[in-house]
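Each of the next two complexes has chain A plus one other chain: chain B in the first, chain C in the second.
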Partner chain A sequence: MKLFVNRLQVMTVKELVQLTRDIILIIATIYLFTFDIYVAGSETGLSLNNAALRIYDGDHSALSRELISRFRQPYFRFDGEILNNKEAIPLLDKGKAMVILDIPLNFQKDLVSGRQADVQMLVDSSNSILGFLASSYGGQIVADFSQEIAMRNMGLKQMPVIKDECRVWYNPNQKMEWFMPLSELLTVITLLAMMLPAAAMVREKERGTIEQLLVSPLSPFQIMFPKILAMTFVILIGTVVSVFLVLEPFFHFPIRGSFILFLIITALYVFTSSGIGIFISIIAKNLSQVVMLTILIMLPILFLSGSTTPPEAMPGWLRVAVNFSPLYYYIEASYSIFLKGVGLNVLWFKILSMTAIGLGVFGIGMWRFRKQFG
Partner chain B sequence: MRFKRILAIIIKEFREILRDPLYFSLAFVVPSMIMLMFGYGISLDVENIPFAVVDYDKTQLSRDYTYKFAKSRYFNLKAYVEDERLLDKMLNKGAIRVGIVIPEHFQKDLSAGRDVAVQSLIDGTLPYRTKITKGYVAVMNAAFNLEVLSRYIAKIKGIPFEQTISQVNPISLQVRYLYNESVKSIYSLAPALIGMILLMSPPFLTALGIVREKESGSIYNIYSSTVSRAEFLIGKLFPYVIISIINANILWIMAVSLFGVPFKGNLPFFAAATAIYVICSTGIGLLVSIFVRTQIAAMLVTTVLTVIPAWLYSGVVIPISSLDKIARIEAHLFPAMYYNYIVMGSFLKGVGVDILWKNVVALIIYSILLFTAGYLLFHKRVKA
Partner chain C sequence: MAEMAIEVSHLVKRYKKHTAVDKISLNVNKGEIFGLIGPDGAGKSTVMKAVAGILKFDEGIIRVFDVNIDSERNAEKIKSRLGFMPQGLGLNLYPELSVEENINFFAHLRSVPKDRLSKWKRQLLDMTRLTPFRTRRMKNLSGGMKQKLGLVCTLIHEPELLILDEPTTGVDPVSRRDFWEILMHLLREKNVTALISTAYLDEAIRFNHLVLMFQGKMLAQGEPDEILKMVHGSSLELVATPHSIATDILSQVFQTEATGNRIRLFVEGKGFEEAKHTIEKILRENRIEIKDIYAREPELEDVFIALLKKEHPDSDSSPHPSFTHSPSIAPSFAHPPSVAIEAKKITKYFGKFCAVDNASFSVQKGKIFGLLGPNGAGKTTLIKMLCGIIPPTGGNATVAGVDIHHIKDVKERIGYMSQIFSLYLDLTVKENIKLYAGIYGLDKKETRMRLDWIIDMAGLEGHEEDLAGQLPMGIRQRLALGCALVHKPEVLFLDEPTSAVDPVGRRTFWDILLHLSRKERVTILVTTHYMMDAEHCDHLALMYAGKIIADGSPEKLKADVTIKAGTLLEISTNRLLFSLEVLEDTGFKGPALYGNKIHLLTHTPDEDIERIKSLFSEKKIEVKSISKYPLSMEDVFVYDITALEQEESYAV
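And then the complex of A and B:
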C-alpha cells in the first residue's frame, strides 16, 4: 500500500514537472482561466443594448415627439431622423440601423379626435433573438404611451389593468456577467479535464516513452491515474484563481453557497470527465487526433449541458439524453451553489447522479486502457 | 518560385493527410458536426417554460388568466400550489422557471375598474432566457388587459364591444420583421455558424499540420531541401484551403437544404467571398504555427485567437451597430465581422456586391497582411 501511494506520488510529480516544461501550454492554460473568462464575462451577450434606431417622423407634432422621446437607452439608441421613407430599407440593408420607427402624418390629429393611429416599426430580425427583444421592448413603450392617451381621452384616473410586478430571482438585473463567466469557466474545465490527461498519455505514445513505462513495475492504473491526479490538481488551482481573481473582483460574482462544496464537486467532475480523456487516449495515435477527438466529443457534451438550450425546449429523446450528461448536473449544481446559495440538502441527488455516470465512464475507460496496455 | 516544387509539396501534403484516415475524416466531420449540433441542438426559441400558479382569488377571471398562459406554447403549467413559499422551493430546485401569484380580489377589483398587481417570479439564472420570459409575460398581460379593458369600457360607456378597440388602444403598432420574417432562430443561426466554423476550422487544420512537422522533426527535411520559403508555404497551405472550401460547400448545402434557410443573394459572389475568407483564416493558422512548438499549444492558441473573436465580434451575438466605441474598433480588427456582413447579407438580406464590396476588400487586405507576416516570420533556420 505504501509502495502504491509512493508510486502514484512520484508519477504525479513527474507529470507536473513535464507540464511546466511546455511554456506555451502553461501560458494557454493561464489564459483560459483568467483572460478568457474575463472576456467572456465582459460581453453583453444576447441582450438588446443600444439598438441603432432611426425615426421617420411624418407628423412633427408634440405627441409624436413625446413618443420618440420614450425610446431611450439602454435598449435603444436614437441615431437621428430620416427625412424620407425610402431611406429606411437601405439603412437596414447596410446594417446601419436595426429598428426604424415610422410615425404617420396626422398622428396627433387622429389621436386627439379619437381615431386609431397606425405606427409602423421595421425590425431587422436577421438576429432573431435581438429582433424579438426589439419588437417586444418597442411594443411595450408604444403600448404604455397608448394607454396614457386612452386614459387622457376618456378622462379616467384608473383603469382595470394588470400591473406586472416582475421579480427576478438569483440574478435580479439579469446581468450577463453573472452568467457568462461561470459558464465559460465550466466549459474550460470540461475542455482541460478531457484533453490534458489524454494529451499527456498520447505524448508518451508518440515519443515512445510509453515503452519505458510499460517495462517498469507500474500497472496501467498507476500509469494513467497520476496523469489524472496531476491535471485535476492543475485544474483546481486554475478554478480557485479564476473565481477569486476574475469572477469576484471584476464581476462581483456572488458566492452565496459553500465554495468548498463547489471545489469538491469540481474535483469529482474532473475525475468523471477524465474518463472520457482515457477513451480518447486509447483511440488516438497522435496529438492532432487528440485535439480533433476532443472537439468532436466536447460539442455534444456542451450542447447537452442545458446551458444554451434548456432541457424543456428540447425534443423528448434529447431530454432523456440530458439525464446522462455529467456536465448538465455539474452546471446545475454550480449555478445553484453560486447564485441560489443552496447546499447538499437540495443538490445531493444531482451530485450522486453525476458521480454515478462518471464512475461508469471512468470504469469502462480504465478497463479498456488495461486491455490495451496490460 | 517553381511550380513543380509547389506541386510536389502539395502532393506530399495530400498524401500525408490521406494516410491519417482519422485526422482526415475528422477534418470533414468536425465542421459538419458543429453545424448539426448547433443547428438542431441550440434552440434559442424559448418555449414550454415550466411555471406554477398561486391563485388566492379562485374566481372565473383568475382561472381565465391562468388558462391564457397555460394554453400558449410558451408556457407549460406544472402545478397550482397553495402557498407562495412552495413557489420558492420549486424555483430553488429548478422545477419551475416562473411563478405567478394572483392576489385576492383579482376579479372584484378588475370588474370595478381598479388596477391589480400580479406578481411574477422569474428564475434569473440564465439572463437571456429570463429577458425573453419577461417579454412573454408582458405580452400575455397586455393581451389580457386589452380584453378586460374593452369589456369594462363597453359596460360603462354602453357601446358595443367591437367599437371599444380604438378607444382602449389608440395607437396600433405594426411590427414588420425584415430579412427573417418568421423570426426563426435557425435562420439567424445557420448563416452565422458558417462564418464561425470557417474562422475556426481552417486555422486548426493548418496550425496542426505545420506544427506536426515541427514536433515530429520532419520539418528538417524541408529546411535542408532546395524548396524556398514561399514554395513551402503555398504548397503546405493549399490542401488546407481546398479542404476548407469543400467544407464551406458542405456547410452551405446543410444550411439551405437541411435547415431551409433562404439564400436570397448572389451565389457566385458569395462563393468568391467565402474563398477569400477561408484563405484569410488559413493565414491565422499559419501565423499561429510559427509561434508554437507543440500541437497541444497550437490548438489552445488557435482556440484563443479564433473562437472569441468569432463569437464576440462577428455580430453573431451582438450586432456591430450596438457595440460601444472601443468594441466597435476592436471588431474592425478581426475578419469575422466583415464576413458576417457578407454571410448575413447574402443569405437573409439578399444584397450583393454593390453593398458588400467594402467587406470583401477588407478581407483581401487582411489576408495579404497575414500571409506577408507569415512569410517574413517563417525561417528555414533553426533558432539558436
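And then the complex of A and C:
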C-alpha cells in the first residue's frame, strides 16, 4: 500500500515537473484561463449594439424627425440619411447598413389627420439573432411611438393597455458578461480535461518512454492515473485563478453559493472527463492527432451541453442525448451555484447524474487502456 | 588535374551560441566518392545541407559545379543537377504510396521525360531488386528496402552530384553491403560524384577520399590509407588470463577494447615488436599469463580515437576510474539459478504474421548474450516477450528463474533499455534517476546510494542538473543504462543500445557492460546489427524471419562458416569492379566487395590463390595483395543470411 501511494506520488510529481518545463503548454494554459475568458466576457456578440442605421426620410417633417430620434444608442447608431431609395439595397449588400428605415411622403399629414401612416424597415438578417433583435427592437420603438401619437391625437391621458412588470431573476441586468465568461471557463475546463492527460500520455508514446514504464512493475492504472491527478490539479488552480483574477474583478461576477462546492464538482467533472482523454490517448499516435480528436469530440459535447442551444429547442432524439452529456449537468450545476446560490439539497441529482456518466466513461477508458498496455 | 565538383572553404555555421561547423574546408573531384565521417553532432549534416543549398551558413565559401552558393538564386541553379537524400530511413518518402508511386512522384517533381523515366526506372528497380515489390506500400518495406527506394528516388532525375546523409545508419549488414554495391556500380557507370556521410568507421575504406569530423572540427582529411598512417603505432590483439584484470590494467595505459576473451590494443608511437615487449612486461609484473599475442590490421577506429585524444584531451567523458571499486550490485536473491534466461519454443503471432517462430535458447547467469538479425527479424518482439510487455502466443520462457507469465515478478528482476534511450528529455539527470528509483520502490537511503553509483558508473559528474535532452548521445546512453540498473536487476535487456553512439562512447559502454557481467554477474541480453558489438558477446544467436538460424559463441559461429564455406580470402587489385566480374564469370561463388577489397570464401584457399593470381595476370589486373583473412562477424552474418535467402528463393 505504501509502495502504491509512493509510486503514484513520484509519477504525479514527474508529470508536474514536466509540465513546468514545457513553456508553450504553460503559456497556452495561462492564456486559456485568463485572456480567453476575459475576451469572451468582453465581446457582446449576441446583443444588439450600435447597429448601423440609415434613413430614407421622404417626409422631412417634425414627426418623422421625432421617430428617427427614438432609434438611439446603444442599440442603434444613426449613420446618416440616404437621398434615394435605390441606395438602400446596395448598402445592405455591402454590410454598410444593418437597418434601413423608410419614411414615406405625407407621414406627418396622414397621422395628424387621423389616418394610418406606414413606415418600412429593411433589416439585414444574415445573422439571424442580430436581425431578430433589430427588427423586434425597431418594431417596439415604432409601436411605442404610434401609441403616443394616437393618445395625443385623441387627447387621452390613459389607454386601456396591459403593462407588464417583468422581474428578471439571478441576472437582473441580463448581462452577457455574466453568462459568457463562465460558459467559456467551463468549455476551457472541458477542453483541458480531455487534452492534457491525452497529450501527456501520447508524448510518452512518441518518445518511447512508455516502454520503459511498461517493463517496470507499474500497472497500467499506475501509469495513467498520476497524469489525471496532475492535470486535475493544474486545472483546479487555473479555475481558481480564472474566477478570482478575471471573473470577479473584471465582470463583478457574483459568487452566491459555495465556491468550495463548485471546486469539488469541477474536480469530479475533470476527473471523469479525463476518461475521454484516455480514449484519445489510446487511438492517437502523436500530438497532432490528439488535437484533431479533441476538436472532433469537443464539438458535439459543446452542442449537447445546452450552453448555445437550450435543450428544449432541440429535436426529440437530441433532447434525449443531452441527458447523457456530463457538460450539460456541469454547466447547470455551476450556474446554479454562482448565480442562484443553491447548494447540494437542490443539485444532488444533477451532480449524481454527472458523476455516474463520467465514471462510466472513465471506467471504459481505463479498461481499454489496460487492454492495450496490460 | 581533375575538375572540381565541390569546393568548400572555411565553412562556419552557428546555431545561436553553438558552433556546429567550425572552419571546414574540403574539395571533391568529379567522379569521386567523398566521405564525411564522424559521430552524431560532428556537423556532417550541416555541411551536407549547406552544400545542397538548403541551409544558410555564416562564413566561408561553397562552390558547386563552379557556382558560388551564396544566394538562393544561385542555389536554385544547381539544384536540378544534384540529388539529396536526408538522414533517416526513408524520411523523404511517402509511407502511404507504393514503391512505384513514390518513384513516379519524384520523377514528375523533377519533370523527367516519360520515355527516359520508364527505361531508367526499370533499370534502377532491377538493380535494387525492388521490381517484385513495385506495388507494395513504402511503409510495409523493410529498413534496407526503404533505404534502397530512397536512393532510387534520389537518382531518378539522373543527378550529377549525389549528397547522401547517413544512408546506411540503421540498415542491417546485408542490406548495407547491397547498398554500397549498387552505389558503386551507379557511380562508375554514370560517372557521378557523391558526397556521403556515415557514422560507421568501418565504411571509411569505401571512400576515395574522406574527412574525419568531430564536434564541428576536422580531425583529418585524405585517402583512407593516408589517414591510417597518420598516427604512428601498432595494433595488437592478445589473449590473457585472467581476462578482466588484464583489461583493467591495460586500459589504464593504452587504447583497449575487450571483446569476448580477447583484448584489442592500439599502442601509439611504437612498432609491433616494441609494443609487444612493453605489454608483456606490464602483464608479467602483474602476474598475468599471456596465451597469445599477435599484430592485427590497424583500423580507422584506432586512428580516430588516437586523433581525438590528441585534439581533445578532455573530450573523453569515460567513467571515473574508481568505478571499478564502487559497491557491488550483487543480486539480493540468495540462491540464484545458474540459467538466467531460458526460452522454450517461444512463439508470437500478430494476426497471421509470425514474428517469432519457435525460438529456443538459454543464457547462463553473468553472460552476455547477443541477438543478431536484420530489421524485422523479430528481435524486438522476442525481447518484449521476455520483458513481459507482450504475451507470447505459444511456448514459454523463464527469466531469472521466473516464468514470464508471472509478469509482475519478472518485471522486478529485469532492467530494460530501448534503442531510443527512453529518457525523459525534459527532466534533469537526477530527476530521471530518482523517478525510476521511486517507481521501483527504493527507499531514501537506497536511492541516494544508487544515485551516486549511477553517476559514478556513467561518468555523469557535473551533469547532475542538466536536462537529459542536452546531453551528448554517448552520455545519454549511459544515463539510460543507469536508469535501467537502478533497482539492481539480475537480467538486463538492451535493444540496439549502440546504434546512435560514436566509437569512443561505444567502447566506454561496452567496458561498462563487461564490468557488469564479469564483476556484478548481471546477465545481459543485447540485440544489435552492429557487427563490432557482436564480437563482445559470449554467445550469439542469429535471427532471421522470426527464427533462430544459428546459435553459439562467436568463435564457434566463425568456425561453422569455415567448415561450411571455407576460408576467407581477401583480394586487393587496381581494378576492383572488373576483378569482381572476372571472378564471377570464372565461376567463383559469391565474391563480394568489402570496402576497397574483395572477399571470397573457398574450401581450397591455397590452390585458389594461385588460380586467381594467374587468372588476373591473364586479364592484366594488377594484384596488390591476396591472402587468407580471419572471418569477421559481419562475414558470418552475411553468409548465413544470404544462404537462407537463396534457399528460400529456390523454394519459391
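Throughout what follows, the second predicted complex is superposed on the first by the 374 of 374 C-alpha atoms of A that agree within 3 Å, B and C clash if a C-alpha of one lies under 4 Å from a C-alpha of the other, contacts with A are read in each partner's own complex, and residues count from 1 in each chain.
To be clear about the criterion, contacts are C-beta pairs under 8 Å (C-beta built on N, C-alpha and C of every residue); 3 or more make two chains touch, one makes a residue touch a chain.
Source: prediction; values computed, not measured.
Chemist: May I ask you to decide whether A:84 touches chain B, chain C, both, or neither, giving the answer as first, second, both or neither?
Modeler: It touches nothing on chain B or chain C.
Chemist: Which of the two partners, first being chain B and second being chain C, lies in contact with A:179: first, second, both, or neither?
Modeler: first
Chemist: After lining up the shared chain so the two structures overlap, which partner does A:345 touch, if you call chain B first and chain C second: first, second, both or neither?
Modeler: In the superposition, A:345 touches no partner, neither chain B nor chain C.
Chemist: Let me test your reading of the model: by the given contact rule, A:208 touches which partner, first (chain B), second (chain C), both or neither?
Modeler: After superposing on A, A:208 lies in contact with chain C but is clear of chain B.
Chemist: Check the residue A:6 against both partner chains and state whether it touches chain B (first), chain C (second), both, or neither.
Modeler: second
Chemist: Let me test your reading of the model: by the given contact rule, A:132 touches which partner, first (chain B), second (chain C), both or neither?
Modeler: first
Chemist: More chain A residues touched by chain B or by chain C?
Modeler: B
Chemist: For A:14, is the partner it touches chain B (first), chain C (second), both, or none of the two (neither)?
Modeler: In the superposition, A:14 contacts chain C only.
Chemist: Give one of first, second, both or neither to describe whether A:22 is in contact with chain B, with chain C, with both, or with none.
Modeler: In the superposition, A:22 contacts both chain B and chain C.
Chemist: Can you list the residues of chain A that meet both chain B and chain C?
Modeler: 22
Chemist: Using the touch rule from the top, collect the residues of chain C that touch chain A in their complex.
Modeler: Chain C residues touching chain A: 387-389, 408, 411-412, 414, 416, 418, 420, 422-427, 431, 434-436, 438-441, 467, 483-484, 493.
Chemist: Hey, which residues of chain A end up touching chain C in the complex?
Modeler: Counting only chain A, the residues touching chain C are 3, 6-7, 9-11, 14, 17-18, 21-22, 207-218.
Chemist: In the complex of these two chains, what residues of chain B are touching chain A?
Modeler: Touch residues, chain B against chain A: 20, 22-23, 26-27, 29-30, 33-34, 37-38, 41-50, 65, 76, 91-94, 97, 109-132, 134-135, 137-139, 141-142, 144-145, 148-149, 152-153, 165-181, 183-185, 187-189, 192, 204, 208, 212, 215-216, 291-297, 299-301, 304, 308, 311-312, 315-322, 324, 341, 344-345, 348-349, 351, 355.
Chemist: Could you please specify the touching residues of chain A with respect to chain B in the complex?
Modeler: Listed in rising order, the residues of chain A that touch chain B are 22, 24-25, 28-29, 31-32, 36, 39-40, 43-52, 67, 77, 89, 92-98, 110-111, 114-133, 135-140, 142-143, 145-147, 149-150, 153-154, 156, 158-172, 174-176, 178-179, 195, 199, 206, 283-293, 295-296, 299-300, 303-304, 307-310, 312-314, 318, 332, 335-336, 339-340, 342, 346.
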